[in-house]
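Each in C-alpha cells, the structures are laid out below.
Two complexes come next, and they have one chain in common, chain A, joined by chain B in the first and chain C in the second.
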Partner chain A sequence: MKRLCFMVVLGVVATALLTGQAIDPAKKYEVTVGAYGDLEKAYKAVIATDDFKKKFPNVTLKFQTSDFGGHHNRLTTVIAAGEQTNDIEALEVGYIAQFVQAGGLTDLNAAPFNAKKLSKDLVKFAVANATTEGGALIAMPVDIAPAVMFYRADLAKTAGLNMDNVANWDAYIAALKKLTDKSKGVFGIEHPAAVSAIPLNGGKGGWFQNNKPLEPKSKFLDALSLVQKVKAANVDGDLGAWSGPWSQAYLDGKIASIVNGAWFGGTLRTWLSPAGADGSSPWRVAYLPGKMMASLGGTYLSIPQTVPGPRKLVAYEILKYLTNSPVAQLTTFKEIDAFPALTTVYNDKVMDEPVAYYGGQKVRKIYADVALNIPENKVSEYDAVIGGIWNGAVNDVVSGKSTPQAAYDSALKKVIATIQ
Partner chain B sequence: MNPFKKLSTYVTTFLLGLLALVFAFPFYYVFVLATWRSQEVLAFPPHLWFGTGLLENWTSLFGRVPFATNFLNSLGIATLSTVSVLFFCTLAGFAFSKYQFKLKKTLFFFVIATMAIPGFLNIIPFYKMMVVFGWINTWLPLIVPGMAGAFGIFLMTQFLENALPFELLEAARIDGVGEFSMLWRVVFPLARAGMAVLGVVTFVGSWNNFTGPLILLPDVDATTLPVALSVLNSRVDNNMGALFLGNALTLLPLLVIFMLFSRQIISGLTAGAVKG
Partner chain C sequence: MATTILAQRKRRMKAQQWAPYVFISPFFILFLVFGVYPIGYSIVSSFYNWKLIGNKAPVFIGFDNYVNVLTIDPFFLSAVVNTVFLLITGSLLQHVIALPLAILLNSRIVRAKELFKTAFFLPYITSTVSVVIIFGNLFDTNFGLINWVLGLFGLPHFRWSGEDLGIKVILSTILNWKFIGWNTVIYLAGLQAIPAEMYEAAEMDGASGFIKHWKITIPQLYPIIFLAVSLSIIGGMQVFEEPFVLTGGYDNMGGSGNSGLTAAFYLMFTAFKAYKIGKGSAIAWLLFITILGLNAINRQATRKYNQ
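And now, the complex of A and B:
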C-alpha cells in the first residue's frame, strides 16, 4: 500500500513537472549558459531588451564564457565525466556531430519539450545536422552562417567588373585576375585556401557517402582543383588568416574579395575595414560564384542530460526564446552579425532594409536566400579528425607539394587508417 | 691578456648579448602591444614602440573582465600551490634521499612512474573525484592534488642527495635536534637553491594553468586570469588591445618573481653541474 501511495505521489509530481508551468512567476531563477567567443555579448544584449524583461522578469542568465577551443574542451570533459554542466551549452557546428553520435545532450524532440513543432521554423539543414538517426534533436540551431562573396566595389569598378552575378568559379578566378594589381599591392583574394571549404558546403560534415569516406570523389577533387587554380592564377596575397599582414592588408584596402560566412561582415565592420564618417564602406555582398549555396559556421544551443529535471524546464524556456523569438534572433544578428536560424524573421522588414555599411545594399535578402537553400550535410563523429586531414591535403596543394589527385589519395589513405 | 683571447671575449659577449635580446624581445613586445588600440595591434610592419591606446585598452579590459578578482585568484592559487609543493616535496625528497626504509626504491619508482602518465588521460576521473569532494569552484583541486607531485619529489630527492651531507644530519642528531625540526633547521636552509627552482617551476605552471581552472572554476569570479582573458579572444568583437594589456599585466608577477629569485634559481639549476 505504501509503495502504491509513493508511486501515485511520484506520478503526480512528475506530471506536474512535465506539464505544468516551467517558470513560477513567484520564484526567481538563474539559468547558467556556457558560451564562447562573442555569444555572451549578443545574449546580454538580448536579456537587456524590453521583450525579454517582460517575458522573463524573474529569470537572470549567468555566463561561463571561454575561447572557442577552451569552451568545447570543457564541455566535452564535463559531459564525458557525466557531471552537471551549465543549464544551456552552446556548440559550434563543427562539434555538433560529436555529440549527435556520442550522446550526453537532451533530446529536445522528446516530452516534455516536444521541440519538433518549434524546429519547423528553423532552417532545415541546421536542424538536420543536430538530429540523430533515431530522430532525437540534441540541440537547436540559434545562428547560421550563409556563405557569400564580399568584394570591394571601388576596386571592382576600377577593373570594370560586375561582381553581382559571377557565373562560376572560372569566371571568379578571371575576375580575381583583373582585380589583382601587384604594382599597388592589391590582391584578388587573401589565400588560395580561402575557397577550399565552399565546394564542401563548409566542410563541417558531408565527408561520407554510403559509409564511404571522401565520396563522391568528384566533389573533393573539385575542391582541391579549385584551390590549385586559384594558386596558379597568382591572384592571392599568401596571407594566413588572423595574422598581422592579413589584417593590415584589409585595413589598407589591399584585398579585393573574400568568400566567407555572413559573420565575416561583422569582422570587416568592427575591425578590418571600419566604416567611414557616413557609415559606409567600399564592401559589398554578392552570391557565391555560380550561386552556390553553402554554410560556413553556425551555433547550436543544447541542454546537457546531466542538468537536473526542473532546471531543464526553465533552461528550455530560455533556449526556446533565444532560438525562436524574433526579437532575440534579430538582436543577436545586430550585435555580432550572427545570422538568424529562425526563418520567420527573414520576412521581417529589417531584412529588407538597406545596410549603410554596404553602401545601402540590401544584403540581408541575399543571406536569407542562401540560408533557405543550403544543402544538408550528413554529420559523423569523425568530422573533426577528417577536417584536420583535409586541411593538410589543401596545404599540400597550395604549396605545390601535391597534385589534387595525389593529395586526395593521400588524405583518403589517412582517413581510412583513422576510422578503421 | 692575449689580444686574440680578448677579441674572442668581446665576440662571445656580443653574441650572448644579442641572444639575450632575442629572448627578451617577446616580453618587451607584449608590453608594446598592450599600448596599441585593438585595430592597430596586428599592424604590419609591426609596431616596435609604445602607442597611445593604453587607456582605451585599460577601460575595455576592466569593463569586460573582473580583472582584480581574477588576479587575486591566480595569485592565491599559485602562491598556496608553490608553498605547499615546496614543503611536501622537500619533505618527501628528504625522506627518499636520507632515510632507509622498506620498499623505498619501489615507492620511489612508483612516484616517478606517475610522471609517465599524460595528464589528459586522467582528467575525467579527476574531475569526477573533485565533484564528489565538493571542490568545484574552490581553490582546493588546483592546490591539494599537486602538493606532492612526482616532479617536485624527484627534483628535491636528487638535489638533497648531493646538497645534504649525512655528517651534518648526524651532528644535528647528536646535538639533540629532532627529525622534524631538523627539516626546518638543516634541510630547508641547505635546500634553498633547489627549492627556488621548484618554486619558480610550480608558480609559473600554476599561474599559466588554463585547462584546470577552465573546468574546475566555472564561476567567472572564481576563475583565474588565463581563463578570464580568453573571453576577450573573439572574431567579431575585436579586443586585441585589451587582451595584450591583460597578458602584460599577467606577466608582471612572473617577472618580479624571477628578478627576486634569479640568483637562487641559477645556482639551483647549476648545482651538480660541476663535479667536486
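And now, the complex of A and C:
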C-alpha cells in the first residue's frame, strides 16, 4: 500500500514537472499585476471571459494601476532597490530598452519558461526589442501600435481628395494644404512635430548603427526635413498634443488628419470624436504616405527577478495567457483598441469585420498588414535620453531656429557628450 | 518615609528632565530618517556611476560626475543660464512689484484690506499644474487670449510655447503671478512692524510720501527684504514644475532650444528619466552650492542694514 501511494505521488510530481504545470488545481492563487492606463480595464475583461475562468478557475488577479509616469517610476525604483514588485509588471515600449541593457527582469527564454517557442507567433520586431544580445527575452509583447494615417472623410471629400493611397510625404503635404482652411479654423495636421517620429519607426530604438549614434544620417536628416516641410506648408495648428486647445480642436472637428498608432483610434472614439447615433464618425484610416511601415507604441509584460520562484511559475502562466491566447488578445483589442501582438489572430474573422466607427471600413486589415511589416529596431539603454535630445532638435526646426542640418549636428554633439 | 518621598521626587525630576526630549524626538527621528540620511546619502551617491534601473552595482568614480557636469555635459550650463534668467525676470522682478503693492495695501486709502490680502495670496496656494495649464491656454497660438488681444492691434499670432523667448515669457509671467502675492504679504507684515511715530516725525519735518518710504520704509524693511529675496533665490533656483508641465515633460527637455530647461528640471531628467542617480546627485550638490553663493551675495548686499 505504501509503495502504491509513493508511486502515485511520484507519478503526479513527474507529470507536473514534465508538463510544466505550475498551477495546482487544489490551491487558490492570487497573481498581482502592475499596470498603467487602460490595461486594468482590458485585463479585467479578459478574466471575466469563460475561457479564462475555465482555464484558471482558481487564479485571481489583483491590480496595482497608476498613471503612465507613476507606474514606470515605481517599477524602476523598486527593481533598482531589489524590492518586491508585482508578479507581473507591464512596461511601455519606451522603457523596454533600459531593462534590456540593465537587467532586473526574468529571462523568459530560460528554463523553466522556455518562451522561445511561444514568441514565434508574436510580431517579430516587438520580440526583437525585448531580446538582449545574449538572447534573453526580458518581457513579452502583449500589444503593439502599427502606425497609420487617420483622416476626416468629410473634409477630404470637400477638398476632392482621395487619402487612401497617398504616394509619398510630399503628396501628403500637398493634401494637407488642400485640407487646411484657416479662415474656418481647420488645420491639416495638429503640429509639425507630429510627423517627426514616423520615419524613425516611432523612435523606440534605432538610434545607433554600428555603435554610432544618429546613423544612418540620411534617416535622421529626412525626418527633420519632413518636419521643416510640414512647417513651411503652413498647414498645422501649432497644437501641443494632449493640451486643452488640442483636444478642443478635435472635438470641434478642426483637425483634418493625423499620423499615429492604431491606439489613437480608441482616443478618437472615446474622447476626441465620439461616434454619432449610427455609431459612425467622419474618421477613416489609411496607410501612412508611401505605405511606410512604422510602430508608435506598444506594451510588454514582464516578471521581475525579485518575484519568488513558485510565484514566477504561476505569473508566467497568466503572462502566457494574456500574450498568447487569442481570446485574451482579441478581448484586449475590443476593450481598449490595443492591437494584438499575437499574429495568429490576424486571420481571425474579427479582423475582416467592418468597423462602424470608421463608416464600415475594414481598418483592422490595414493594422494587421502594417504590424506584420514593421521593421526591427535595435534598442539601447540611451534611447530615452536620445529621444529627449532629438525632440529638442525637432523643436528647433519647428521654431525655425535651426535648419535640419544644423539641428542634426547640434543633436549629435549633445548625444555624444551625454552618453560619454 | 522621608527617604521614599525623596526617591519619588528624584524619579519625577528625572522624568521631567527627559520628557522634553521625548516630546521633540518625533521631529528629530523623522528629520534624521527622511532628511539628514537621504541628504548625506546623496553626497555619497554623487561619487558613483549609479544607474537607477536594472540591478547592476554602483561603481565608485570619484569626482567624475562633477567634472562631467561642469566640462562635458551639453545641458547643465545652459540650464543654469535659463534658471538665472528666470530668477531675474520671474523671481526677483516680483519684489519690485510686491513692495509698492504692500505699501499701497498698508496705506489708509485702501479699504477691504483682508479681501485684497486674500486675493493676492490665492495664486500662491493654487495648484501649479492647474496654473500652468491655464496660462498655457492663455498663450495658445490659435485660441489664446493674449494672441487675440494682439490681433486687435493688427499684430500677428505669436507661437509663444514654440519659441525660445515665448517659453521664457510664459514662465516669467507665471512665476510673477504666483509669487507676487506671497511677497506682498511678507512685506506687509514687515511694514506693520515699523513704528508709526517714525512717519509722524518725518511728516513734521516736511518729508514727502516718496522720501518717507525711501528714508524710513526701505531701510527698516531690509531684514525682511533679505528674507524675501533669499526665499526667492532658493525657490527660483529650484523651479521645476512650471517648465516641466508647460513644455511637455521630460520628452521635450524644456521645449525649443531647451529654453525651459532649468537646473532643477535637468536634475530630475538626469536622475529620473536617464536614471543616472549619481550624476543627478552631483547636479543637486552643484545647485546647492550655487544657491548658497547667491544667498551669500544677498547677505553681503543687505549686511550693512541688517546689523
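Just so it is clear, the second predicted complex is superposed on the first by the 400 of 420 C-alpha atoms of A that agree within 3 Å, B and C clash if a C-alpha of one lies under 4 Å from a C-alpha of the other, contacts with A are read in each partner's own complex, and residues count from 1 in each chain.
The definition used in the following text is that a contact is a pair of C-beta atoms (placed from the backbone, for glycine too) under 8 Å apart; a residue touches a chain by one contact, two chains touch by 3 or more.
Just so we're clear, the structure is a prediction, and the values are computed from it rather than from any experiment.
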Joint occupancy of chain A by chain B and chain C, clash or fit: clash
Should A:P245 be classified as contacting the first partner (chain B), the second (chain C), both, or neither? both
Touch test for A:V78: chain B only (first), chain C only (second), both, or neither? first
Answer with first, second, both or neither: which of chain B and chain C does A:A417 touch in the superposed model? second
In the overlay, one of 21-29, 75-83, 201-209 or 237-245 from chain C clashes with chain B and the rest don't. Which one? 21-29
If I apply the document's touch criterion, which positions on chain A are contacted by chain B in one structure and by chain C in the other? 73, 77, 80, 82, 243-245, 248-249
What part of chain A is in contact with chain C in the complex they form? 69, 73, 76-77, 79-80, 82, 98-99, 101-104, 185, 237-241, 243-245, 248-249, 305, 381, 384-385, 387-389, 391-392, 395-396, 398-399, 401, 413-414, 417-418, 420
In the complex with chain A, residue positions of chain B that touch it: 38-39, 42-44, 46, 123-125, 127-128, 131, 210-211, 214-215, 218-220, 227, 230-231, 233-238
In the complex of these two chains, what residues of chain C are touching chain A? 51-56, 68, 72-75, 133, 136-137, 140-144, 159, 161-164, 248-258, 269, 272-275
Residue numbers of chain A touching chain B in their complex, please. 32, 37-38, 40-41, 63-68, 70, 73-74, 77-78, 80-84, 86, 242-249, 251, 263, 266-267, 270-271, 274, 336-337
